[in-house]
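Take a look at these structures.
Next come two complexes, and both contain chain A; in the first it sits with chain B, in the second with chain C.
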Partner chain A sequence: MSLITIVQESALQTTAQGGAFDPESTQQLFANTFTGDAARALAPMVSLTVGILVLLVCELFEGLKKIRPAVFLGAILASAWGCWGLWQHTPEIGAPVRVLGGTLLVSQQVGVWGMVFLAATLVAWMQARKYYRQEAPFLGEHDVLMLTAPIGMMMMAGAQDLITFFIGLELLSIPLYCLAAFRRVRNDSVEAGLKYFVLGAFGVAMFLYGAGLLYTATGTMSLPELRQVGEALESPLARTGIALMLGSLFFKASIFPFHLWVPDVYQGSPTPVTSLMATGTKAAAFAFLLEAAFLVPVSAATLIGVLAVLTLAVGNFGALMQKDLKRMLAWSGIAHAGTLLFTVAASAASDGLLSAEATQAAVLYMAAYVFTAGGAFALLSWLEADGEHHTTIDGLRGLGQRRPGMAAGMTLFLLSLGGIPATGGFIGKFFVFGAAVQADMIALSIAGILLSVVALGYYLRVVIAMWMQPAKDGQAPPMAERPWAAACVGFCAAMVVAIGVLPGFLSGSTLFP
Partner chain B sequence: MVDLIFYAAATLSVLAALGVVLARNPVHSVLWLLASFVGIATTYLLSGFQFLAAIQVLVYGGAIMVLFLFVVMLLNLGDPDAEHDAPVMQGGLTPRLGIGIGCIVAALTLLTVANANLAQLPEGVVLPIGGLDPLKQMALAMFTQWTLAFEGASVLLLATAVGVLVLAKRERASVAVSPPQTLTAAKEEAA
Partner chain C sequence: MSVPTEHLLILSAILFSIGVAGFFIRRNLIVVLMCIELMLNAANLAFVAGSRHNAFLAGQDQTDLEGPIMVTFVIVVAAVEAAVGLALVIALYRRKQSVDLRELTELEDGSHA
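What follows is the complex of A and B.
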């Protein structure tokens, strides 16, 4: 129900009652709004918000600064517990449950997406320990901003209404703009922050414009009501609005032709922030894209599929040219967004029939990608501790002899990014292309799979450099020991192998029965 | 009569919004913004939202506007005409291309809006004569259906304040800050 109708209906009621304030009906309204379901849906976000407030209080007292990591981890764990509750104990009978006047979805998929966002945040935060030097006095603010982003992601994934989604989008974007420019003494970091901010603000404006046009055409901003309006969605006005909104979401998800900002921003930002951007933002954008895929007309599904193939091609051929591993991972992130877009195309092509399969494939893919890309970025931020030349492909030569553990981890992550069986990346690709084939997009799927093979070319180049090429003369080996980063890499590697070998614990009947 | 006032207010807000972007003096931009806010407040009033109209004038037209002016004066932006900013049309191909694409998009949107049947409001939307009783209703809507968006916006403001602090305040750095490295130098070093 849109805002204007709600206000008017209650106003008319009040007028009918002679304008008197009725405490009982207000109490009833509150009781109907803040139900147990609403509390369970809000629990993950509320725990993160409490974490933010406690972190801010800790900043006030010198003695409390030591407990910052504990507060951060506590907030993440409490939030994960809330998400686990949503995942395991949401009854999936018939219609999905919507709370807070129909603005928020309570479902298993929201819980699983929440876990994915929290994992992305945790991985990014762990590699940020001891990463900053000059900026170390600002670590408190860094943690606060990093803890805000997953709240926005959860709002985006659960939003059943364009206004709620928009607030979530801003809540995700604004901390990331600041974090991208966090190393303010470095020009490339400032450049990354500014580029991301200007283009991101433009993208958000496009979303608002599109949502306004859609509202003008249909008279509602709520997704369940938009499903009901039927022909009004086919008017040129609504179509223009949907196209603008898709453009904005494609920008966040780095889909061709909205991908141009990605390499510069990913390379210039601090590596932990890049990790969060590459995994978390992408997951949140796709969570909402899949939820709103019904807005895409069936006739446009092929176009989305073609965009997916183009994104894959641009990302993979761009990555082939790179000499720096961080920039290469940025281009490969574009390619992965292209693969994920197949799920949206499949959902749109089947007119919503395959939306459960598409969502499941996307969740699995993102779960694997969070740990794969997150682990690779964690290794990069570890290597950067000894100087940034260590992250070029030349700088990685001989790493296999000098630091076999690091080289083995990187090899695992790169193979998983390439989609080699027995790693998480393979399982994700398997389900995504499976959904696309189910939606009869055979030709596009074949093109996508062939392009994924191209990707192996540049992943294996790094593996060869690490294991088979000797280090250059006079190049000092990376020496730094960073326990947090090492723990992060170990955690990611374990999860990549676990998802690859035992996908059942994520994909089995427990995910979405 | 109501239509006449509506069209006058709507035209005012659109023209004033253009003025905000086109004015070269930042103070003029702020004053144009004020005119735009007044136009929007009039539209609210005509739709029956007296409270929203009053708040728009008081909070945006009053407080926020003073804040804007304060920041503009604080930054002490010099005489814009004496500065280096050349007229956009002399800036080579890219700005012209951008303006061209912008014009095409605007024309297309205008065409679609003009062709759309806007007279068809959703059924049941009848504005009560004499206006709504919006304060209570707005509060109820804000604290029931829109709780999440409302509270999300407050977290957003908090995060923005923290972010601005991080980007603006640099004295706390305990380590001596080296002079900024230029991008080209960084790239050369990498190569």
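What follows is the complex of A and C.
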């Protein structure tokens, strides 16, 4: 029973009683809706919302501007605490708990996804410190927008209802449209924002139209009820709706053939924002894709698997062509989305039997990817600290002699992106392809693994440029000291190694006991 | 029902297709934004038609509020999107004195910003 139905019934009851307001039934309604579980599910989002409000108040008073970083970090920590509670204290035995009239899921997965989103936000925010020059007066707005996005991601991950998901999607997208165009005196930033906005709005419209068709065909927008409608999901109308919705989600997750916006938008946006888009948005889209994988008919699972391989191929070969490291990371992000799509294919192919394994693999992959790609982008934003791009691969030549620490960090991140053992990237790939093999998608998995090897080609090219090729005369870019960015890189590197060498720390059966 | 659900869905499909076609054909950003609005309203029509259809299937005197509630949310979000979109268009106009999509050429494969 959805929240709307409850409200509707209570309204009808009131009308039946001659329109008299009945405090007792209203109280009952509230008591049934806002339970302790609901409070636990909402705690991470409410902490972030409080953080946003405090930040906005800080903007008003000159003296309070100094405490902005503390407020931001406090909100993230409080929210992470809430997510930790969801992860550690939700019993996985028994029926899944849904709160607020069945619109929001309370589960360990939601808690872990929440922490992944918060990590992505934290990494993006840390590298944004002292990144902006001309835009520095607007940093308050920047922080507020950046804190809004994870609320939307959490809503997407926990949504059990298409309405909730849609609101989450917009809560994530709209701040990112603004952030992408944040450096509005620069042509490339404005262009990235506009491209992202126009195509994003198109994707949302496609999702809504698909949801409308699905709703007309089945009579419900709630995921648990959609699981039960059975044959109504197989009508042509419902199938069309599902296809449109998947297309829109593939757009957000940058899956072939909806990936063309990615390189332009990633290159033009400010690097910290690119980091948030590449890690957070992708994680949120996949969190919901896995939750809604049951909508995909089993017969279409192979198609999804083929799309995954195509995405991997397109991303990898696109990255091979690039001379700019930021753009190369964008193409490599497409390839990583292709790898992640294997989890959705595995879940759909097994008719939901493998959905727990698939979700776990995706969470692990994203947890590693947040720190790997986030760390690489943090290094990039450190390199372009003086406001200009020094991110061509040629510009990185000789970095190993000039700044061995930075070069070592970048090497670690690139090896992890390539999936070398003892890094987090390897663990993620291992679990993802493990789930795909369990779902009997052997041929597609082999193709995927071979394509992942191709990826090493362009990652190693950068490593060689950094360590073995001397800088061309006069091409060594200037360096700025950026303690926040350095801390961010160190944090990411530590997490990549931790996830890589301590698989039991985050993985195996301990993730969702 | 005096107007069958099919007719409403066909109308909404036509509106949606006009929106999609315009989105890909037109080059003026304001017109592109209008096309997106048209697509959103086609979706709204589908939601309302679905709500009526499902209420009718459920029997006499039944209502299905899920669709109309989604429509309210969509209208609100469409307003937000229009605000952000127009702000971005103004930002572009300030830089290029034009709102033509063909002006967006800074970022391409091989370009070094």
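Going forward, the second predicted complex is superposed on the first by the 483 of 513 C-alpha atoms of A that agree within 3 Å, B and C clash if a C-alpha of one lies under 4 Å from a C-alpha of the other, contacts with A are read in each partner's own complex, and residues count from 1 in each chain.
One rule holds for everything that comes next: contacts are C-beta pairs under 8 Å (C-beta built on N, C-alpha and C of every residue); 3 or more make two chains touch, one makes a residue touch a chain.
Predicted, not measured: the structure shown is a model, and the values here were computed from it.
Using the contact criterion defined above for the overlaid structures, shared-chain residue A:P263 touches chain C, although it does not reach chain B. In the superposed model, A:Q88 lies in contact with neither chain B nor chain C.
Once chain A of one complex is fitted onto chain A of the other, the partner contacts of A:L208 are limited to chain C, with no touch recorded for chain B.
In the superposition on chain A, no contact is made by A:Q401 with either chain B or chain C. Contacts of A:T148 after superposition on the shared chain: chain B is touched, whereas chain C is not. Comparing chain B with chain C, more residues of chain A are touched by B. When both complexes are overlaid on chain A, the residue A:Q28 reaches neither chain B nor chain C.
In the superposition on chain A, contact is made by A:T220 with both chain B and chain C.
Legend: residue contacts after superposition of the two complexes on their common chain; A:A181 is shown touching both chain B and chain C. Contacts of A:L194 after superposition on the shared chain: chain C is touched, whereas chain B is not.
Common to the chain B and chain C contact sets on chain A are residues 4-5, 8, 163, 167, 170, 174, 177-178, 181, 184, 187-188, 191, 193, 213, 216-217, 219-220, 237, 324, 389, 392.
Those residues of chain A lying in contact with chain C across their complex are 2, 4-5, 8, 162-163, 166-167, 170, 174, 177-178, 181, 184, 187-188, 190-195, 197-198, 201-202, 204-206, 208-209, 211-213, 215-217, 219-221, 237, 263-265, 267-268, 321-324, 327, 389, 392. Here chain C touches chain A in the complex through residues 5, 9, 12, 16, 19, 23, 29, 32-33, 36, 39-40, 42-47, 49-51, 53-54, 57-58, 63-67, 69-70, 73-74, 77, 80-81, 84-85, 87-89, 91-92, 95-96, 101, 104, 106-110, 112-113, going by the rule given at the top.
Those residues of chain A whose C-beta lies close enough to touch chain B in the complex are 1, 3-8, 10-12, 14-15, 19, 21, 26, 29-30, 33-34, 42, 45, 49, 52, 56, 100-104, 133-138, 141-142, 144-145, 148, 151-152, 155, 161, 163-164, 167-168, 170-171, 174-175, 177-178, 181-182, 184-188, 191, 193, 213, 216-217, 219-220, 235-237, 240, 324, 388-389, 392.
The part of chain B that touches chain A in the complex is made up of residues 108-109, 112-113, 115-118, 121-122, 124-128, 132-134, 136-138, 140-141, 143-149, 151-153, 155-156, 158-160, 162-167, 170, 172-175, 177-178, 180-183, 186, 190.
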